[in-house]
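Same chain, two partners: subunit A is paired with subunit B first, then with subunit C.
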Partner chain A sequence: MQQVPEATASRKSSDHLGAGIEGVGLVRAFGAFRALDGVSVSIRPGEFFSILGPSGCGKTTLLRVIAGLDSADAGSLSIDGEEMLAIPANKRPVNTVFQSYALFPHLTVRDNVSFGLRMKGLSPGEVAPRVERAMELVEIGPMAGRKPAQLSGGQKQRVALARAIVNEPRVLLLDEPLAALDLRLRRQLQTELRSLQRRLGMTFVHVTHDQEEALAMSDRIAVMNAGRIVQVASGRELYERPKNRFVAQFLGACNLIPGTVTARAGNVLTVATNVGPLEVRAGHGTLPASSQVTLAIRPERVRLNPEVPGRNSFSAELRDAMFTGAETQFTLSVAEMALRAVLASESVGAGSLRPGSAVVVDLPASALIVLED
Partner chain B sequence: MHTAAQRQDKGWWFGVPGIGWLGMFLVLPLLAIFAVSFLTRGEYGGYGLPVTIENYRRLAGWGELGFDPLYPVILGRSLALGFGTAVLCFLLAVPLTFFVAGLNERRRLVALTLVMVPFWTNLLVRTYAWQLLLGPGSGLSEAASTVGFIDAGEGLYPSWFAVAVGMVADFLPFFALPLYASVEKLDWTLAEAAADLGANRWQVFRHAVWPQIRPGAVAGFILVFLPATGQFVIPDLLGGAKTALLGNAIQQQFGQSRDWPFGSAMACVGLVIMGVGLFLQRWLNRPKEVAP
Partner chain C sequence: MRRSSWFNSAVAWAVYALLYAPIAIVVVFSFNAARAGMEWQGATLDWYRRLFVNEQVQSALKVSLIVAVTSTAMAAVLGTTLALALEKHMRRGREWVNGLLAVPVFVPDIVLAVALLLFFGLMRDWFKVFELGLTTIIAGHVTFQIPFVAMVVRARLAGMDPALDEAARDLGATSWQVFRHVTLPLLMPGIVAGAMLAFTLSLDDFVVSFFSGGPGSTTLPVYIYSSVKRGVTPEIHALSTLLMAVSVIATVVAMMLQRRDVR
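So, the complex of A and B:
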């Protein structure tokens, strides 16, 4: 995308335009079904905040409640400290990029983009330069005279974006803005959206069901499931320290090993599992002896045939090896349990790791995560 | 393989029966009427030579006794009746169709059937029913006189009010059905997008809803305006048979006055107005050209 024109660029990150959002106990029920089942969320001014969750978990509903397009049955919502639930959509300092784009089919690209400013009653003299700038920013200037039906998916997406940011909202809501685009374009626009957000300083609340996308773009991510927010953290923290099975499995592949706590010595827990006793670093929670836990480990943290076996090493049978380019995926079997491991292909020696061969598996204590459930 | 054009070439004779029928019973009579409108009234009715444009001059107001606006007034009154009916139907059909479209599926079916129920009874029967409902001494008239809308003892019928009621009752389905077709497939996310962009309720309707239902509204308007302009039974029966309209004026020329050429000229003018109306509809609903 283009260099940001002066008026927008001159805004220092210190006086950011972005507003903070505070939702407390938000409930939205459709009949007996609760699409939002007590959502509390705190979004910081000017951050790129993603809401990640499977289809149907209530992401769109949450955005609609923030935008004022849907009402909440309980809870409170404030933007920059101002209570919002009683304020109609057209009076909220929020604009939305809709999942379906929702461009006005009878208006040209230019008239779509200028819509918000015209509704506010700005004079044509004020509207025109801002519209040109916004169209330039997302590189749709040459399409200004076209109707939405004459645009490709990616172009429509850009028009929807320009139509929202031209109003310089304090919060921009994006509902799976890239979901309809092909992979290559999606990757490109992810980068563009991210840098656009940095430059504009608006608060972006971005909904997606694509975990890679959320990890790549966000300052923080809220993982949602069945109408509730499960965990809010940075992408790295979510990946490395997921709170429960849902988060662990939703963000990337994960081996889950059930077990029972047998001993606790300072910061180290000993957990009895099917593969043998494992030493784990205790998390923040207090886990008394004999509590049931689930341990998680990412496939790329599993070590095979380590030079120095650790405390959590045991022998296993290699069932399957699958070369996928840069990395090779292994399936191991230990005590009736399947474990997945991923190694960089170049580190896999030619002979030793064949299906059927016996291997030593090491699950480093620092890589094992104790889950809540 | 046959291209679509080839198939069309071969298929022309499928249209023969329809075209033949229309030619025989629509085009020929219309041509006859057009021709007759340039002839002169015979001594005892009928028509004959010489060829003249006298009928059209008379229609425009130049009578034997100098300028007389009688016929332009009749024409204008008929157009006003058609236009007024269409406007009233529009004002009622918009809330009606939005209400119906918002119902659940079963109720929607019931509501749509109710909209069409008037078609099941004859126009005359319905109009006489209005006479009873609105006549002096009826419940509605009593109610209207207690709120001071009319003097005590009078009826809501006969009056222009009664005409409006009868016209709207008769023509509303013709407006509501095409409008409903547009309202039903309304894309509400556009209304939400407009509200999200700061549009108030009126602006949402004007900029996000109206463009979507406009084709239905224009179709409904034409479907009501054209026949309502030619309608004279309802105004006669509910207005007290005091006013001449295009429809009964034509009927009178072919009937009592036995002036077929003049009646034909009136009919031709009516047809031209309808033609203009249809053209206007196509023009209003034309796909917009778009710059690259």
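So, the complex of A and C:
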């Protein structure tokens, strides 16, 4: 996307255009089904915030409640400290990019983009330059005279984006904006959306079920499941320190090892598992001996045939090796358990790691995560 | 296989011939120079020329157009309002009202005509309104036009993306602005198509106009009926041909509009 004109960019960043959002105990029920089951969320001014979860988890409902397109049965919602639930959608300082784009089919691209400003009663003299600037920003200037039916999916997406940001909302809501696009275009637009958000300084609230997309774009991510927010953190923290099984498995692949705490020595727990006794760094939680825990380890943190075996090293059998390009995925069996490991293909020697061969597997204490459930 | 397809197309042609032969004969005879009888005496446009100087035809045409234009305009507004209410606001009983909407379409014209006559009679007795004449004909026509407009508009509404409405509100439009700038323009082809159908129905109606009309409110079909009693003239053929042409054109335009894509 185009460079923002100097004046606009500096004005935006100094004004801190983005607003903070505070949701407390939001409930939305459809009959017996609770789409939102007590959601509390705090979104910081000017951040790129993603709501990530499987379909039906309530993420779109949360977005619609913020937009005012759906109502909440209980709870409160404020934008920049101002209570919002009683305010209709057309009076809220937010704009939405819809999943289906929802472009007006009877209007040209230019008239679609200018719609919001015209509804507010701005004079044509005020509207025109802002519309031109927004269209330039997302590079749809040459399409200005076309109708939505004459645009490709990616172009429609850009028009939907321009139609929203031209109003300079305090908060931009994006409902799976890239879901309908093919993979290459999606990756490209992810980058563009991210840099657009940085330059405009608006608060972006982005809903997606694509964990890679959320990780790539967001400052912080809220993981939702069954109408509740499970964990809010930066992408890296969610990936490295997932709170429970749901988060661990939803973001990337994960080995789960159930076990029982047998001893605690300062900061180190010893956990008896099917793999063998594992030493783990304890979190802040107090875990008395004999409590049941689940340990998690990412496949890429599992080490094979380490030069110096550690305390958590065991002998294992290599069951399967699968070359997938940059990486090679292995399936191991340790005692009765199947573990997955991923190594950079470059580092895998030609001979030693063949299915059926015996290997030493090491599960470093620093890579093992103690989950809450 | 081959024989049965030959047979099928022969039957199809025969049915078409049966359907269109009487109409074709009327059209052909409207150009026949013979004043009476079935004999062809050469082509002429005389009968059409005469129509344009026949004062009775002129006044019947005027009545027909006043009735058709007025009733169509009213039915377009009322039918669209009904369709919008059904699609957007009525949650309960929608199926019922939907079914009831189709009833006037199936009720025989004569039943509707008699019912209207009775209704107008009661209104006259109680409130001294609805003297038989132009007003009653227009009211009668609106009655049978509304369901047609409502059904065509509803079909178009059902094909509209509900997110458009939300997008407009999200962009700051008030309820009126959403209607004025999004809903109405998108519905317009449907409304015009429905109105074209309604216009045709009004122009062609005989039964309701005959029953609810009074002195001085003779429409074209009623005029044709009363002239035929005095003998069928080629002038009547010419008038029928013109009436038919207008109806066919309006119907074709309506169908083309309905086929236009909503999205």
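Everything that follows uses one rule, which is that the second predicted complex is superposed on the first by the 369 of 373 C-alpha atoms of A that agree within 3 Å, B and C clash if a C-alpha of one lies under 4 Å from a C-alpha of the other, contacts with A are read in each partner's own complex, and residues count from 1 in each chain.
By our rule, a residue touches a chain if its C-beta (ideal position, glycine included) is under 8 Å from a C-beta of that chain, and two chains touch if they have at least 3 such contacts.
Because the structure is predicted, anything quoted here is derived from the model rather than measured.
After superposition onto subunit A, partners subunit B and subunit C are found to clash with each other. In the superposed pair of complexes, A:G356 makes contact with neither subunit B nor subunit C. When the two complexes are overlaid on their common chain A, residue A:G125 makes contact with neither subunit B nor subunit C.
Once chain A of one complex is fitted onto chain A of the other, the partner contacts of A:F98 extend to both subunit B and subunit C. Contact with both subunit B and subunit C is seen for A:R163 once the two complexes are overlaid on the shared chain. Of the two partner chains placed around the shared chain by superposition, neither subunit B nor subunit C is touched by A:G31.
Once chain A of one complex is fitted onto chain A of the other, the partner contacts of A:G116 extend to both subunit B and subunit C. When the two complexes are overlaid on their common chain A, residue A:G81 makes contact with neither subunit B nor subunit C. Of the two partner chains placed around the shared chain by superposition, subunit B is the only one that A:T108 touches, whereas subunit C remains out of contact.
Touched by subunit B in one complex and by subunit C in the other are residues 67-69, 88-91, 94-96, 98, 100, 102-106, 115-116, 119-120, 163-164, 167 of subunit A.
Subunit A makes touch with subunit C in their complex at residues 67-69, 88-91, 94-96, 98, 100, 102-106, 115-116, 119-120, 149, 163-164, 167. Listing the residues of subunit B that touch subunit A in their complex gives 187, 189-190, 192-200, 203, 207-208, 211, 288, 290-292. The part of subunit A that touches subunit B in the complex is made up of residues 67-69, 88-91, 94-96, 98, 100, 102-106, 108, 115-116, 119-120, 145-147, 150, 163-164, 167. Considering their complex, residues 161, 163-164, 166-174, 177, 181-182, 185-186, 261-263 of subunit C touch subunit A.
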